[in-house]
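Shared chain: chain A. Partners: chain B in the first complex, chain C in the second.
Coming up: the complex of A and B.
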């Protein structure tokens, strides 16, 4: 191996070592779980708290089964992934979102909250750096251990897998997609009800090209209501799969 | 429908790659068709329910034998947990260091075969409206490639990855709101997963399906009621039977004949044998005719899904004598010749022997003490000669004439599989001695409602016993020995080259008998009624035996007067694993 190559390898090793020792920054939200969650989700990647990541949510959860959240990372370039988690939920990760080239790094959803907790959006950019925004939400609690409402009413089975949606234009050639999928999104933490939730959702354009991917987890609210900002024109196809391999399909026309 | 593109999507691929690296799983080839064909001879695994495609439940293992069985002791146990302690009619499967076992309420676990430690668990999310007629049981899974496949109470067929428990595919077998469900173990034949359906008490239409075991994609489907269309690769494949040949009017549309106990396979003649249930409704006066192909054994070709032959055990059934019982291929030695036969112990009390290649009748011998409904089987035609004991026609009244009938509708034998020992040449049949008062009532079909048109109550025939494990000689039709049990027998039977017969009792005992004499050699109290299916295999040079314990099934729900004998049995949900005791090293 040539000397220059050795130098490059040495430099690379230094970089790896440096990032491995990267300080976990102090948490502006002062969460008791911050240090180990940061290690779990970000490992050796760099993490910064970044005001360009906006996470909008209520101060207090009126309904712990369905807390609306909007994440907006449009001020960042080259967004590869958005990870949303609630530090003190029994299952912290709510979703992972991977917007493609024709999707804005922005989405809305609802989740189940178990107790007062910080909620965070971690945005990974093309350089591997994680940018974090977040806020506390106050909650009376119980959202993750209560049976879904559809379980009592039978709605989940009578209308299981139904997808409804709407597209409308916003500024600069962006259209907003709002989707609703009928699914109980059971966490497995309510007595006698196994975990059962949507874990994969893809958006495609009319030609079947990928627009965005979302990976769902137990805390996503029952009958997920999701909002996406897309730069494509025309029909959006929805392909979803749950943890029991039920395949759900739909499409939304402008 | 499945979408391949989605499963192969980028993020899933990435996640799987990461998982494989992280856990450094050893690479196993997966279960092949050859391993499935060879399951009876291979002793270090059990990859089929029935311990072979033919379902003989015979093992060549003999370390545990009539001399050593007294030393059989538990190795480990596993609790199915939860509050869902209902009938555990499952058979464990053993492969690649894992035990795969299903439980009540559509649950399945993978356990470490050495320690019993849980590797993963899957609970199917069931709707409240499921309609299993006869308890929320499951009778075992099937293995193929890297998949473990089982049926659910809401009539789905679910395939999971053997290593992770993640669902790979999920197919719908029927509309649970119309009464479809499924509890039987799937059968694998040439890369296809063969399943039936349950729901005969709700006027569903019985069916046998073959799917690609790797993808779940439907290859063929064969209805079991005449007049309904079959399909092969999405194309029409001929109706079953001939429309209105043995069913009047529209009655065939809700004709039952549920294939609720699944199928067995005769590899040498390349035929799948599926039993069919009672015709619907129970009130036979509404459907004059033989009602094909209810209460029958159907032989179906695995490649085309066509019926090669059929044999109806109870034509125009009026007593709920399902013909679902397992048809077990075996080679019968008779008069110095070997006959390619198959045997079936039917709900109606006859032990049948047929030619397994063409379905030709060979013999029918009673394996219970009373059969009020028949005077025997005509050897020329193979048809039963009916006695005049059919419940009366209620057409002009609220309720027809009540009759006493034996066996009862729970059968001389119910679902619990018998076993065939290649050494002794005997079948070991778990039988029950009971009758019923039965009468007919008017009924009309309504989706999702019970479609019986009959009332009934069961009575034991004898005070001292109901259950009887009977050794039948198929060549003579004679009972060679019997073991009598106070409560009805409801568990599967297994037999080994160690000259042993294993089965369980509702009283909680798992027992071993001398296969030649019927002498009880060993018993173990499992804590709840045993209605599971025993298995045996070899691991690290030692022979293991396993059985599930957990009382339930149809008896506590439908048993009438039998309740006296079973009402105090504790619920359970446990897998017990045994091997011979070994003294500690000095």
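Coming up: the complex of A and C.
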């Protein structure tokens, strides 16, 4: 083969390699863990950074045990799933949310942060595409390896599993649901305390039809306080389960 | 070895870095024997070395009465050196620490042999969390903190009038910015060192705040016939404007958070809340409002959920 043909082949190979790498877009947050996490969570599926995924969170964590986050993907159609993770946390995934047809693709929660890290909401739409929003949060740290605070207070002994909540009517037939479950949410990373956390929470309407489903992970803050926007009227039933198979029940009436 | 001078120069600059930070403290005279060191209206940074705070001193025939020792050992040392060079007494009589926030007490090592006073709850708080606050400031400020260790004031201060070296000082024991907030009033000059009960042109901070108690403390300060007021952060004033601004902001903050909780707003949604025109030019308005929401909202939002559910 002539030298020019070799050069053409080499160029072609470079182009192929480049386009294979381009499937994971460059990270605007420049996280050291981005490529690894993107491969792990999104695999072959397409990923784009999308300003329509709004993630509200503090610039710096005032309380590393309870960092408030609100995800709003209502600007996207056909949202099937929202995955939230913090790149540099010892356990990155915080939660997975699957809003049904009667739930808005938005939610609020609190999580434990171990060090400064990007926090991301990945939103999967009906076409299989992932849309990402995110921001860095600064933190003094220690949120994941610090024992839960209520341990000594008797709160869990007397009130474990209690669910309290409230519904607020909003515009366009949407109700804001806020609820709190009394649970230690132990990560298993604090010395001598095994992991113990809520791993499933379902919201149902009064007829028992599923409105939305949330899968929880270790970094969710203790006594989870969650916010949802639901397009149903009337009572919302809450069914939750933790990693020790405790079944928790509650209901919130307007 | 031609590179030796280069190496030595490098070593010298590294040593200078390790040695920390030059604060360029320059006391500003407010009245006879009364001085203030005015800090930057900023958040902690490597550039300001933690000097975001107003400290000061009142000179007496027994020595200077220092009000707050600043943010680091180096700050305290440089503050002490300036006072020794510029006071008539050339001595230090005592130190008052206004409250248990790190920018106000971490310079106390420079006054190791001097009696140091603080309100009982301030002493307890420094003893309990001084090391943690100091560690966090290292993270934010870096080299300027070198050699700094938390030191708990060794003597209790209390409400009332004290006579030191021919000067009458009134100690006002308030609370609300933290669990215990000391203000010091010099009768002769009419100077009120308000500590962090008063902020001016710099947004108030609330990591340990109780707003109703804070508002009550402001009412007490307002009754003092001061001629000059030194806020904990921000420029010195002669009139009522600093107290008025602090109260206006705290009231707005409280009612804004209460109203949001009543409407079921999620905490981070508050971060987008527009600020009223009159607060927009305060230093750090947006970031301090966000921090305050994190400090104060959790208690308010839980109230809206209580007793609503069942299990």
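We adopt the following convention: the second predicted complex is superposed on the first by the 232 of 254 C-alpha atoms of A that agree within 3 Å, B and C clash if a C-alpha of one lies under 4 Å from a C-alpha of the other, contacts with A are read in each partner's own complex, and residues count from 1 in each chain.
The rule is short, and it goes like this: a residue touches a chain if its C-beta (ideal position, glycine included) is under 8 Å from a C-beta of that chain, and two chains touch if they have at least 3 such contacts.
All figures in this text were calculated on a predicted structure; none of them were measured in a lab.
Participant: Looking at the overlay on chain A, is there a clash between chain B and chain C, or do the two fit?
Facilitator: Aligned on chain A, chain B and chain C fit with no clash.
Participant: Would you sort A:144 into first (chain B), second (chain C), both or neither based on which partner it touches?
Facilitator: Once the two structures are laid over each other on A, A:144 reaches no partner at all.
Participant: I'd like to know which partner A:53 touches here: chain B for first, chain C for second, both or neither.
Facilitator: It touches nothing on chain B or chain C.
Participant: In the superposed arrangement, does chain B or chain C reach more residues of chain A?
Facilitator: When the residues of chain A touched by each partner are counted, C comes out ahead.
Participant: First (chain B), second (chain C), both or neither: which does A:227 touch?
Facilitator: second
Participant: Once the structures are superposed on A, label A:65 by its partner contacts, choosing first (chain B), second (chain C), both or neither.
Facilitator: Neither chain B nor chain C is touched by A:65.
Participant: Taking the superposition on A as described, I'd like to know which of chain B and chain C A:239 touches: first, second, both or neither.
Facilitator: It touches chain B, and chain C stays clear.
Participant: Based on the superposed arrangement, let me know which partner A:186 touches: chain B (first), chain C (second), both, or neither?
Facilitator: In the superposition, A:186 touches chain B alone.
Participant: A:113 in the overlay: touching chain B, chain C, both, or neither? Say first, second, both or neither.
Facilitator: Touch partners of A:113: none, neither chain B nor chain C.
Participant: Minimum CA distance, chain B versus chain C, superposed model, integer angstrom?
Facilitator: Superposition on chain A places chain B and chain C at a least C-alpha distance of 12 Å.
Participant: Which parts of chain A are in contact with chain B and also with chain C?
Facilitator: Touching chain B and chain C on chain A: residues 249.
Participant: Touching chain C in the complex: which residues of chain A?
Facilitator: Chain A reaches chain C through residues 56-60, 62-63, 66, 68-70, 108, 140, 161-168, 176, 178-180, 225, 227, 238, 248-252.
Participant: Which of the residues in chain B end up touching chain A in this complex?
Facilitator: Touch residues, chain B against chain A: 1-3, 5-7, 9-12, 82-84, 122-125, 127-129, 156, 158-159, 166-170.
Participant: Within the complex, which stretch of chain C touches chain A?
Facilitator: Per the touch definition, chain C meets chain A at residues 136, 139, 207, 263-264, 266-269, 271-272, 287, 290-291, 294-295, 298, 301-302, 304-311.
Participant: What does chain A use to touch chain B in their complex?
Facilitator: That would be residues 98, 151, 154, 156-157, 184, 186, 192-196, 200, 202, 208, 210, 213, 215, 239, 241, 243-247, 249 of chain A.
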